[in-house]
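Below you'll find the structure, written out as structure tokens, and then a few comments.
By letter and in written order, the chains are A, B, C, D, E, F, G and H; residue numbering begins at 1 in each of them.
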Amino acid sequence: AHSTLDLHRELRQGSPEIIFGENKTPQQISDNLIRIHAAHGKALATRVGADKAAEILATWSPGLPAPSYQPSARCLTLGLGQAASPADGERYVAVVTAGTSDLAISDEAALTLQFLGHRFVQINDVGVAGLHRLFPHLEVLQKATCIIAIAGMEGALPSVLGGLLPGPIVAVPTSTGYGIARDGETALHAMLTSCASGISVVNIDNGFGAALFAHALLRQF
Amino acid sequence: AHSTLDLHRELRQGSPEIIFGENKTPQQISDNLIRIHAAHGKALATRVGADKAAEILATWSPGLPAPSYQPSARCLTLGLGQAASPADGERYVAVVTAGTSDLAISDEAALTLQFLGHRFVQINDVGVAGLHRLFPHLEVLQKATCIIAIAGMEGALPSVLGGLLPGPIVAVPTSTGYGIARDGETALHAMLTSCASGISVVNIDNGFGAALFAHALLRQF
Amino acid sequence: AHSTLDLHRELRQGSPEIIFGENKTPQQISDNLIRIHAAHGKALATRVGADKAAEILATWSPGLPAPSYQPSARCLTLGLGQAASPADGERYVAVVTAGTSDLAISDEAALTLQFLGHRFVQINDVGVAGLHRLFPHLEVLQKATCIIAIAGMEGALPSVLGGLLPGPIVAVPTSTGYGIARDGETALHAMLTSCASGISVVNIDNGFGAALFAHALLRQF
Amino acid sequence: AHSTLDLHRELRQGSPEIIFGENKTPQQISDNLIRIHAAHGKALATRVGADKAAEILATWSPGLPAPSYQPSARCLTLGLGQAASPADGERYVAVVTAGTSDLAISDEAALTLQFLGHRFVQINDVGVAGLHRLFPHLEVLQKATCIIAIAGMEGALPSVLGGLLPGPIVAVPTSTGYGIARDGETALHAMLTSCASGISVVNIDNGFGAALFAHALLRQF
Amino acid sequence: AHSTLDLHRELRQGSPEIIFGENKTPQQISDNLIRIHAAHGKALATRVGADKAAEILATWSPGLPAPSYQPSARCLTLGLGQAASPADGERYVAVVTAGTSDLAISDEAALTLQFLGHRFVQINDVGVAGLHRLFPHLEVLQKATCIIAIAGMEGALPSVLGGLLPGPIVAVPTSTGYGIARDGETALHAMLTSCASGISVVNIDNGFGAALFAHALLRQF
Amino acid sequence: AHSTLDLHRELRQGSPEIIFGENKTPQQISDNLIRIHAAHGKALATRVGADKAAEILATWSPGLPAPSYQPSARCLTLGLGQAASPADGERYVAVVTAGTSDLAISDEAALTLQFLGHRFVQINDVGVAGLHRLFPHLEVLQKATCIIAIAGMEGALPSVLGGLLPGPIVAVPTSTGYGIARDGETALHAMLTSCASGISVVNIDNGFGAALFAHALLRQF
Amino acid sequence: AHSTLDLHRELRQGSPEIIFGENKTPQQISDNLIRIHAAHGKALATRVGADKAAEILATWSPGLPAPSYQPSARCLTLGLGQAASPADGERYVAVVTAGTSDLAISDEAALTLQFLGHRFVQINDVGVAGLHRLFPHLEVLQKATCIIAIAGMEGALPSVLGGLLPGPIVAVPTSTGYGIARDGETALHAMLTSCASGISVVNIDNGFGAALFAHALLRQF
Amino acid sequence: AHSTLDLHRELRQGSPEIIFGENKTPQQISDNLIRIHAAHGKALATRVGADKAAEILATWSPGLPAPSYQPSARCLTLGLGQAASPADGERYVAVVTAGTSDLAISDEAALTLQFLGHRFVQINDVGVAGLHRLFPHLEVLQKATCIIAIAGMEGALPSVLGGLLPGPIVAVPTSTGYGIARDGETALHAMLTSCASGISVVNIDNGFGAALFAHALLRQF
């Protein structure tokens, strides 16, 4: 068999195995979506490019409920459910981006949070080139249980947030930028050496991983 | 003035500014310890080598309460308070190391947690070269609100924990190892690409940063 | 002449020269397959992409026995022979992958072993994100004369196997992953600094090289 | 001869050749200081460690005016002249640091500016971990003809200044930090990919170079 | 909203926000061009590839003034205005390239300067492989208020100019070259370690950033 | 003008300027070929891909002598002249490759030597995986005035030649290989640290540069 | 407790846990030597510098059998036993070095083999700068069950052996060399991209790891 | 035996084996100097630090001719012979440095040339920060059979010489510089991507290797 699915993960960690779509064939992704959906009633595949998604949808078995594709988040889902804004007093995650170019990663994080049943708000394009754009959102940020801070280029946004906010910040470097931005390595390394506190970091463009970390954290309440 | 101390940090983030000792002169560290202690009743300086600590203690103003030095953690503290094991039902952080060589970083994290008033347990030398050593500690790990997982060389411990535990794991790569371990870069990058979930990462040897992140997280309860 | 084939290699090392297809033209690959097959009765070209393979097959001289193409392994073969499971007591190589995405490299290793006349078993998708998946296979792994352990991302599988198994483990890092996985460099370096023992390493995605090493080892019996 | 001094540099660029002390012997530095002082009435050697400076001063020819040593800036000077605060309306350079640990580089820049006859102000320890510390200095920063912004670790200060100030900012990354700070490379690369505008960058710890650039700029008025 | 435009930037820094086109969708670029043009009467988007530009122009709302596209500079502009040579005594920027291959970056810098209302001259293909080609232009270079020096491969041109000219030189490394030129990193690092003085550096291929720095500098007069 | 051709180079260095085709437009290459051919009676453009070459040839001005294209060497030439084997006693360059995959670089070097009027022999596919293949060629290698040794992967061929031959060896690393071969960087760095003597190195895939160096050397006789 | 010794390792893998001495305190090493010796009758600590070894020996408890120190191998041992040459027909490992400078790593490998009860021969200083030095040893190399090939600088020795010998070669890169040898990284990467077959690789200077791999391999007979 | 000296090297390559002193013990260096001197009447050890040299001289066997030590070149020699300036019309090597800090490498190259019986001239401190310093030496440079060009920091000197001179240039990058100079890697890579022609490169600080290459070249006459 090409895959040994981890069907006990929901028990151990409160979420089904989520499929990493990038290096899998369409056939492998379809198989796994079907098996996970059968076991858990929902399924998610991340990092599925538009072409691969089209191929999966085109060859989907007619008798089965078909996944829906979110192009910005590059995700296929089955049984995703509704997104809902946090009600008053409800815990939520704030997903913040430095620039418009980081939106896809914010959407990947948001969709994963939705899949896992969490509340979140998205705040976009408030990076350090124009810091005043951040201030209208400070209260929402201060009340979040966890902040996911997404930035490319020099990745300074988490440092600025880390200096201002009390809560834990999961920093996500993105591959936005060129030249010595090195497809996100510079932002990654900068975030890891932040002089501000309360910051930890996940892999470049890994909106999914930040959401999973927030999930592990939110389950502690 | 050589320093502009951030005396509002306790208000914003629930902890006094903590002094980064590595690139400061003994005089600068002494000054800052005194001023922070005066404002907050306690003070901590991290990454202070044994020689620099000795010089600071030897030239300390006789009239003032002197800091105490913890050589393994390489920290100077004023007003540190007692460490206490978590009582039944009390929230705590589990600080785990892969090898004996990672103990200093575990001690830096533990001492910072103590300084910030948190409970913690330390579990040592249970890395993947002999995985069975981990199993007696599984229950303690599962109940922790947050795990700090410290490992050098290939840094595989957080991946293994991430596959087994439900809670959030802050991974700390260490500079243990040689050759292509590259003073901790290999462990750092391996942890960032972990295939397990619920893991985020801080800088190499940054036990302090992991404790500060746990602090931000624990303040949310 | 574009190539100086090493037709004495079978004598020196018990295998014909195997063609590295990646940087060769279709014409060069065809020529070499024909000449090696003429000398040794079999021939293998690795790292031949699907398009190049199609071009080679389309322009193959009608009078000659044509190679067959295995797309997952990206190999062209002439005179490959049958694969057979190891009989009881027969020596074999265990080829293990951490994830579904590493399957192509496992297939390259397996096909090379088959070409060289060795027995092997393939075990797939049993990496550290769900370690329990490994345990049903422990006996087969313990009895193998040599283990080929294939993993991308943080590459932790060989470390875990190295802690559990007595036999020699040839670790193969793969380019599975993104961001700081750096197309396999992180897994490569992590495997090289493994704290477990009995592990040596080959180049990224080099299933072929791992099989050749196993071949050199198996010839010693 | 060990050196071919560039005695026309003052004509071409308005400053005598400045001696790079790091890889020179005490004898070579002494010789060059004497020859440059003879030609221009003043001389400066940068990156001279405390031990080397002591050796130079101890073996200085008694008949000659001896250089004075500034340990924080690690510079030897002959004929340095007085530093003076900028008078009202006078052009000046603002030299800003993110942390106390960056003070030595600020002092190197300041001393070089003084040697070249320029006015400057130094503002210390106002980095992003506590952004409010920056605000009392905004007016002085806005009026400066040129800002030299010095920061280690993630190097976010120039980005924040670049978003707030109209004038040209010369960013100086420092080797403050550890682990993936990589002795200043992370700060350097982060500054180069800054999303803010009006920023250019010099080598790690190169306070001297930033001052020389400011000098070239100030000579245009 | 996908973007939070910084509409106060003209006040703070004398130029509207300029759109970074590389990681944005055609729709995002169009929206932003329209909103910025509405607020400031002109708009600029950089790093827009030919295909994306074509798509933007093809789907542009008929009622609105359409941007024009400069393929060499890879820029879209609205309300760009005329370029004019510097009149006698007028301040100008000299934009110099080492080779023909660096022309696109020179054009990006020039167009940005034009957009910001500055005068400039372009001098092309005068790098160190044939230094005599530089000499006819020395007077124009000496009189420039600021020099933008653009070079790929080993990036030696700014060092040579830095040895000859009195004014400030903003060095722009380009991705021209192959192999160990590493897409411009070698030129970048070489420029940063230049032994000549009066040089600061921006990111690889960042003609835009060099022009913005020149703008900040020219506003000081 | 897009280019400032160096028409005195033949005087200074005995060869016309040779056009670097990689980052130039078809139009720029055509213009330069025509101008150089007009001045020197011959012209060469290197690193011109097949598509770009086709475009240049398709749009060539009918009245002018058209360049011919050598696809393996990726070069366009005007007035190339005949290649001829070295006569007895005539000086020549030996161009040796480790593998078939390095042939394109050997052809680039050979064609450049031919363009510059030198004699050469090409020896292919004699790398260290089968060292005996080298021995039939030892006499030809020993008599060469200069050896150009071309190898990818680990780049061991120049080291072996350096241990056996008396003459100067110009080593050319190639981008042949995958994974940690890093597109030729590993071979480049290995060649630079060779323990054998009489070896110097040029950039990855730089057959042209090796030929130019041989040209400078041969002109000394 | 500072260490959780793995006292079942002998059962699982036929050797006691071996102490990694580099990042441990003298006290930690002493404790572990005593406990392992108590459990297994022998003990080995690797990577113990001369000063640390002296301190351990000076403070050793008088009542206990003291370890002996091998300075070239940088190892402390208890109960090491005699080294013996392989008798006729006995299996052995050949430990080969490229240069005199690699001797320490060869000694570490040899001593580890001796500790584990294996036979071995050492052959020194037969690298590619003078290949003829290798030939007198070919028969001994061909008969070895496993070859450990140790080389610094460009690391070409394993490639040459891989082309000549039938058996498995464990390549050990060393930190011998300077500049771009990068403390062994160049040799490491070169060995991993070897064009010869039957080669796998361990970490830089890891003679210990090569011996452990040979041990795992020899236990299969 | 610790070393297998290559006593046929003089026959093959016209020079005795030269001892690489950096990673050898004093005893190993002494042994090898004595044996090589016995075989060839002269001997040279490079990269011998001052302390190691003192130890070798202090323990030298009284009956034997003792080596002399050149501290700047860090070399020990036996039977070195006289240096002599090139007579009129005699072939010579020009050894040029960019800065005073590169003198040690120039001296290593010069001493190696002297040991091998060649004529040379040394020209110091004529780098690009003051190009006019180069011009008085142009004639000597143009007449040299081979130029060794030594530079640190950005390493631009060989590019400038390559544009001006007809002969072959062996470029030697040095570790002069700091920060992103990366101990010579930036200069090394810059030299390898030089846009000038007739340049090849050796390892960082490898004055020895450049001299050996010049030796191989000069033996062709």
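Simple rule for what comes next: a residue touches a chain if its C-beta (ideal position, glycine included) is under 8 Å from a C-beta of that chain, and two chains touch if they have at least 3 such contacts.
Owing to the predicted nature of the structure, the values given are computational and were not obtained by experimental measurement.
Each step here moves to a touching chain, and the least such steps from subunit C to subunit F number 1.
By the document's definition of touch, common neighbours of subunit C and subunit D comprise A, B.
In terms of the distance between Cα centroids, subunit D is separated most widely from C. When every chain is reduced to the mean of its CA atoms, the largest separation from subunit B belongs to F. Superposing the C-alpha atoms of subunit A onto those of subunit E requires a rotation of 90 degrees, given to the nearest 5. If each chain is reduced to the centroid of its CA atoms, subunit B and subunit H end up 49 Å from each other.
The distance from the centre of subunit B to the centre of subunit C, each centre being the mean of the chain's C-alpha atoms, comes to 43 Å. In whole angstrom, the spacing between the mean C-alpha positions of subunit D and subunit E is 27.
The geometric centre of subunit B is 35 Å away from that of subunit G, both derived from CA atoms.
Chain contacts: subunit F has residues 20, 99, 129-130, 163-164, 179-181, 188, 192-193, 195, 197, 203 touching two or more partner chains.
All chain pairs in contact, by the document's touch criterion: A-B, A-C, A-D, A-E, B-C, B-D, B-G, C-F, C-G, D-E, D-H, E-F, E-H, F-G, F-H, G-H. Per the touch definition, subunit H reaches subunit D in the complex via residues 99-101, 103, 124-126, 129-130, 132-133, 152, 176, 178-181. Those residues of subunit G that touch subunit B in the shared complex are 1-6, 8-9, 17, 20, 22-24, 28, 32, 47, 173, 175, 183-185, 188, 203-206.
Residues 12-15, 18, 20, 145-146, 163-170, 188, 192-193, 195, 197-203, 209-210, 212-213, 215-217, 219-221 of subunit B touch subunit A in their complex. Across the complex, subunit H is touched by residues 98-99, 127-131, 153-156, 159-160, 162-164, 177, 179-182, 186-187, 189-197 of subunit E.
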